[in-house]
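Below is one structure, written out as structure tokens; the observations come after it.
For reference, chains read A, B, C and D in written order, and residue numbers begin at 1 within each chain.
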Amino acid sequence: MNTFGNIYRLTTAGESHGPALVGIIDGMPAGVVVDRESIDSYLALRSPGRAGVGSSSRKEPDHVEILSGMIDGQTLGTPIGFIIRNQDAHSEDYEHLAHAFRPSHADFTYHMKYGIRDYRGGGRASARETALRIVGGSFALAALLKYNVRVMAFTTQIGSVRLTRPLTELDLGDQGANIWQYTMRCPDRDTNERMEELVQRVQESGDTIGGVITCIINGLPAGIGEPVYGKFQAQLASAMMSINAVKGFDYGMGFDGVNRLGSEMNDPFVLDHQGHITTLTNHSGGIQGGITNGRAVVCRVAFKPIATLMREVETLDENGNKVILPARGRHDSCAVPRAVPVVQSMAAMVALDALLQAQSGKI
Amino acid sequence: MNTFGNIYRLTTAGESHGPALVGIIDGMPAGVVVDRESIDSYLALRSPGRAGVGSSSRKEPDHVEILSGMIDGQTLGTPIGFIIRNQDAHSEDYEHLAHAFRPSHADFTYHMKYGIRDYRGGGRASARETALRIVGGSFALAALLKYNVRVMAFTTQIGSVRLTRPLTELDLGDQGANIWQYTMRCPDRDTNERMEELVQRVQESGDTIGGVITCIINGLPAGIGEPVYGKFQAQLASAMMSINAVKGFDYGMGFDGVNRLGSEMNDPFVLDHQGHITTLTNHSGGIQGGITNGRAVVCRVAFKPIATLMREVETLDENGNKVILPARGRHDSCAVPRAVPVVQSMAAMVALDALLQAQSGKI
Amino acid sequence: MNTFGNIYRLTTAGESHGPALVGIIDGMPAGVVVDRESIDSYLALRSPGRAGVGSSSRKEPDHVEILSGMIDGQTLGTPIGFIIRNQDAHSEDYEHLAHAFRPSHADFTYHMKYGIRDYRGGGRASARETALRIVGGSFALAALLKYNVRVMAFTTQIGSVRLTRPLTELDLGDQGANIWQYTMRCPDRDTNERMEELVQRVQESGDTIGGVITCIINGLPAGIGEPVYGKFQAQLASAMMSINAVKGFDYGMGFDGVNRLGSEMNDPFVLDHQGHITTLTNHSGGIQGGITNGRAVVCRVAFKPIATLMREVETLDENGNKVILPARGRHDSCAVPRAVPVVQSMAAMVALDALLQAQSGKI
Amino acid sequence: MNTFGNIYRLTTAGESHGPALVGIIDGMPAGVVVDRESIDSYLALRSPGRAGVGSSSRKEPDHVEILSGMIDGQTLGTPIGFIIRNQDAHSEDYEHLAHAFRPSHADFTYHMKYGIRDYRGGGRASARETALRIVGGSFALAALLKYNVRVMAFTTQIGSVRLTRPLTELDLGDQGANIWQYTMRCPDRDTNERMEELVQRVQESGDTIGGVITCIINGLPAGIGEPVYGKFQAQLASAMMSINAVKGFDYGMGFDGVNRLGSEMNDPFVLDHQGHITTLTNHSGGIQGGITNGRAVVCRVAFKPIATLMREVETLDENGNKVILPARGRHDSCAVPRAVPVVQSMAAMVALDALLQAQSGKI
């Protein structure tokens, strides 16, 4: 299954070292202005070598070519087909991997599933596929603007370094615009610096480290999301768990809420300045019973350290023989900063999909 | 959207205080023996008043009536239609809620989505719907036996009381059979007792408390799950996040893995006694690149304390007027033990669905 | 796959001689008044022994029990669960069929697919399942009223007897209300009589005969339907081809248009009395490029004669041995009149589904 | 909805005069050898100017570029992304259509649905999209070979010229290989000639003409297809009705069976040479109760004459003003021969999809 979403749907194809990545967006509303060059800028935020320290040295300009679904800079309502060529792929770097299974990579599981695999750069399992999600996110974000919905994502933890300052004190700029000025995508100068130092140390030791990205969706009206099996949080969890290296998801008080009493967690209803019903607090993370309540949707996404170390590794090949993999390839020591726009894109696609679904339900 | 799954699909209907809950299971393989009475026994494990202290005093015998899809105790391959009548519903208990929004319940969000709602006992948003998932899980577990796949779930945390003993020291019995002997579904006598004491204290204060359920799927072969958007963990996360009161999900090292280095987390490949490739450790939780690797799939599900307190509550009604809700109704102070078979059932459905999907992909 | 539709979805279960038929309607908009008793009246139009001559003598009162999704006669937006009990099933009539394959029935194909089957009354393959579609159609028709969309179906051919009078001369009443007064559901007294005579003759000879039902959807606005793979006509064809005994579908000029020149078939654009663009003729049957153009959607559905004859039949059993099946059971000699409300119901569900889908696509 | 299929799924994008057509095939089994150049040859059979008389003079070499999902000429099991560039598009030919609605084209309905449209060459509504289906069909046909399933399609009617010779007397070659030698794709020399003469006459008069394509699927085992809503014939009908200009579908005896008695139509069971159960005749067209019976699946697809005439046409523009469209553009006078590989491709995709689905249902 290489399609994501219900009404707004992204279908992707492409291996890391094949000729190109290919995507098709279905369900994009007509009449939305989307600027191709701003997609390239957004892609650059995910690119290796752009998101500060700790990222792979692979240089891929990541230029998207839009092949359909637009006329004169506006969407047609028909599907958006697009490709991103793979240009800086050094496939010869990977030939020693043709028959070996790298530990904690998907080499072995793809082999067991398909009996054949593209071993170059992780093939389809490579996080390179997420470049296509950035394009899907770009169109979704453009459509969400028409609903006054904004999505932002930022790093709140790298290893043991946590962002502890409250949201209101962060340097988010207008709807998160300032986040990209921070190398680690942590909008607090001091914490960002400490994260950067940690990643530098980890990189020098040839090791890797994970982290947590927090994502906030502002402006969703109350009443979005499906009860029972299409709960907004279920769609969001599924979206985030589909990102490479993600191992956990929670929203609202999440895992931390386990230690609290019910009486500490309830969100009392109050009237806002305009006399509309809202909640005083937002422990619930903007969702009740799978449906948005009009408050910000707040969730967290946990990333493990990526599996490729810059060290020699002993492992097995397809025949069960021991092989030694040299310390080669170009890899991130911390993928979290590069994943920030991916998390933002996935959240944008979920939000737009849910908004469009909600429209279908009413007479 | 009231359907769950791709090949093995459960569709449900039913409000908490309507005439009955209704379910249809589609995609159940033919020729599997399923015993109706054992489903009732399994339903009893979820029933209020059965799972030890802290549960609602509502007495609902929960008898499933199978209406189709079986002949002579065997499945036909055609859809299984079934109903569970609602018998002990005291709807008059809820009339004071017809126009009021209980804090942190779905009253407000259903009102905003549909403009009309069944206010009795939470209507469709009530966890009563999960009884149908137990039936879906029963059939899935029966089919999984043919694949030698077993699923178990148990409580590993209530409030601040955590199970710390390693898995190998727990009283799981054969594939978790012993778990049901423990009131809190924590298969360690001492921890279970401390959990029970905590819940008792919380209940006496009219408050509520949450917890964590761990779920383990044993016996899945390598190669199950879809890469990219239908990753096994994404399906599992979506399943768990669709359960009432669930706020978080992780698998493998999950959120705890954020603090570890990559070098500590990798799972080296080794040969097992039969010369098959497996991994020495299982930090990955049985999945790489969205596809199972043959090791146990291990995940955690976080439950918030349920929102209904046994206390008077001040809130707003549909017109924004203040109302006081008396301390009434019959509610759990800790829903976690009753949720254990629900988590198990959802995991079983995901596992069977993924197994059936994997079959479709091969020539 | 026992689910039909995308947004408005009907899932069904139930064998002909099992305890009950079970259905769940998902995606029904909230706030629509639906009268349970009028559904029973509609069900009666499909019942054996009601639709004039030529129908099975099985007497099944077909009483629908709505179990969820409604409060005070209004829909809640949550799924509608319902059952229809099987009451007049004489299963002992079918025991001689436990191992025999009736020619041109689904006995053999179900056996080959599932390895097990419910041989009583055709099991899941019986047209009895269509009673559930009538319920799905009832709710859809109620919702369509809010859009001013009306659906009508009537018999236009039985064997060689064709309705030749133009639509405008038929006794349709208000939106087809008069159709049910005609035994064969042909709203032209003379043709209906000739059809009835033909069916009588066929019945007396122990044989069966097929026919054609024409269906018209009025009031759909222009712009409904999806281009390319979800074309309105593709959804409609799929709906109709899923009805028992249907062998053909066409719309607009259909198969007859093959003999015409393009210059005879085009529908010129003109302005209507209100100055809106419409077409002078409707050779296209209301659809261009898969999307409605605002004119009536007109389609035809071809039914074969049903396979069960009131004659002794020689056939094979599961082991390839010859068996003689006596002339037993209760069967229609012409199913077409009873199928008219089924065709109407399927068209209504397709129309509502497409309307709801169209809503989701716009900002 | 721009995706077709359930397990084997084709998603397409692309306007007739945009930069390229884009497709993604999902669910293609791994390890199948597919030759890119043979896809180009197959594409040529659909190309304008190749399929004999009566076709548009647009010269489009239609070269497919495979961008993913293959390694060393074999499929990987991952999605196949591919593009076909639009090279011979004379967009300036269409500027007079920017605001005019051509009769019986999709200009008006796209305008009503999206409020914006690509007027060049019919945009997304152009039959040019079917080139992508040929690619989807190519991969499906390659996979079907592994199941010994063969699909053939040929012209059986153009206007009033019908193929009347029985199947066994046709020049089909091995599994239809000879069909492509006939200009009209009618594998009977005399009938093909008469069809060609008819098309020539129609073309000279600036008019257009339709026809019927018959499609046969050989080698499908018994037990393929889903009962009730995913009936094999429903999937097939939906596939065919999604092709441009198709107005009707039937299978087995189809519309002709309406005039027959049940006693003439039944297919008696007999034993074949190997002692397996089969049917003596095949009036059913290979399907009972939605499931294949092991006999050939036989269906017919009716095409209307295409709407564009080589004559001046008076019509309306977006404002309801009269406009005269000159006799321009490059168009087919009979699209049927070019549609033969499209029908074959759609049938192949349906057959493979159903085979893969059937595998998922068994333990």
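For the reader, a short list of remarks on this structure follows.
Basically, a contact is a pair of C-beta atoms (placed from the backbone, for glycine too) under 8 Å apart; a residue touches a chain by one contact, two chains touch by 3 or more.
All figures in this text were calculated on a predicted structure; none of them were measured in a lab.
The minimum number of touch steps linking subunit A to subunit C comes to 1.
The chain with its Cα centre farthest from the Cα centre of subunit A is C.
Interface comparison, B-D against B-C: more C-beta pairs in contact at B-C. Each chain gets one centre point, the mean of its Cα atoms, and the points for subunit C and subunit D are 27 Å apart. Note: centroid distance subunit B to subunit C, computed from Cα atoms, is 39 Å.
Inter-chain centre distance (subunit B to subunit D, centres taken as mean C-alpha positions): 46 Å.
In subunit D, the positions touching at least two other chains are 1-3, 12, 30-31, 77-78, 113, 124, 227, 361.
By the touch rule above, subunit A contacts subunit B in their complex via residues 1-4, 6, 12, 101, 103-106, 108-110, 112-113, 124-125, 129, 157, 159-160, 202, 207-212, 221-231, 233-242, 244, 247-255, 257-263, 265-271, 275, 277, 279, 283-285, 287-294, 302-309, 311, 314-316, 320, 358, 361. Residue ranges on subunit C touching subunit A, taken from their complex, read 7, 27, 29-32, 77-78, 143, 146-147, 227, 356-357, 359-363. Note for the complex: subunit D touches subunit A at residues 1-3, 9, 11-15, 18-22, 24, 26, 30-31, 65-69, 71, 74, 76-83, 113-118, 123-124.
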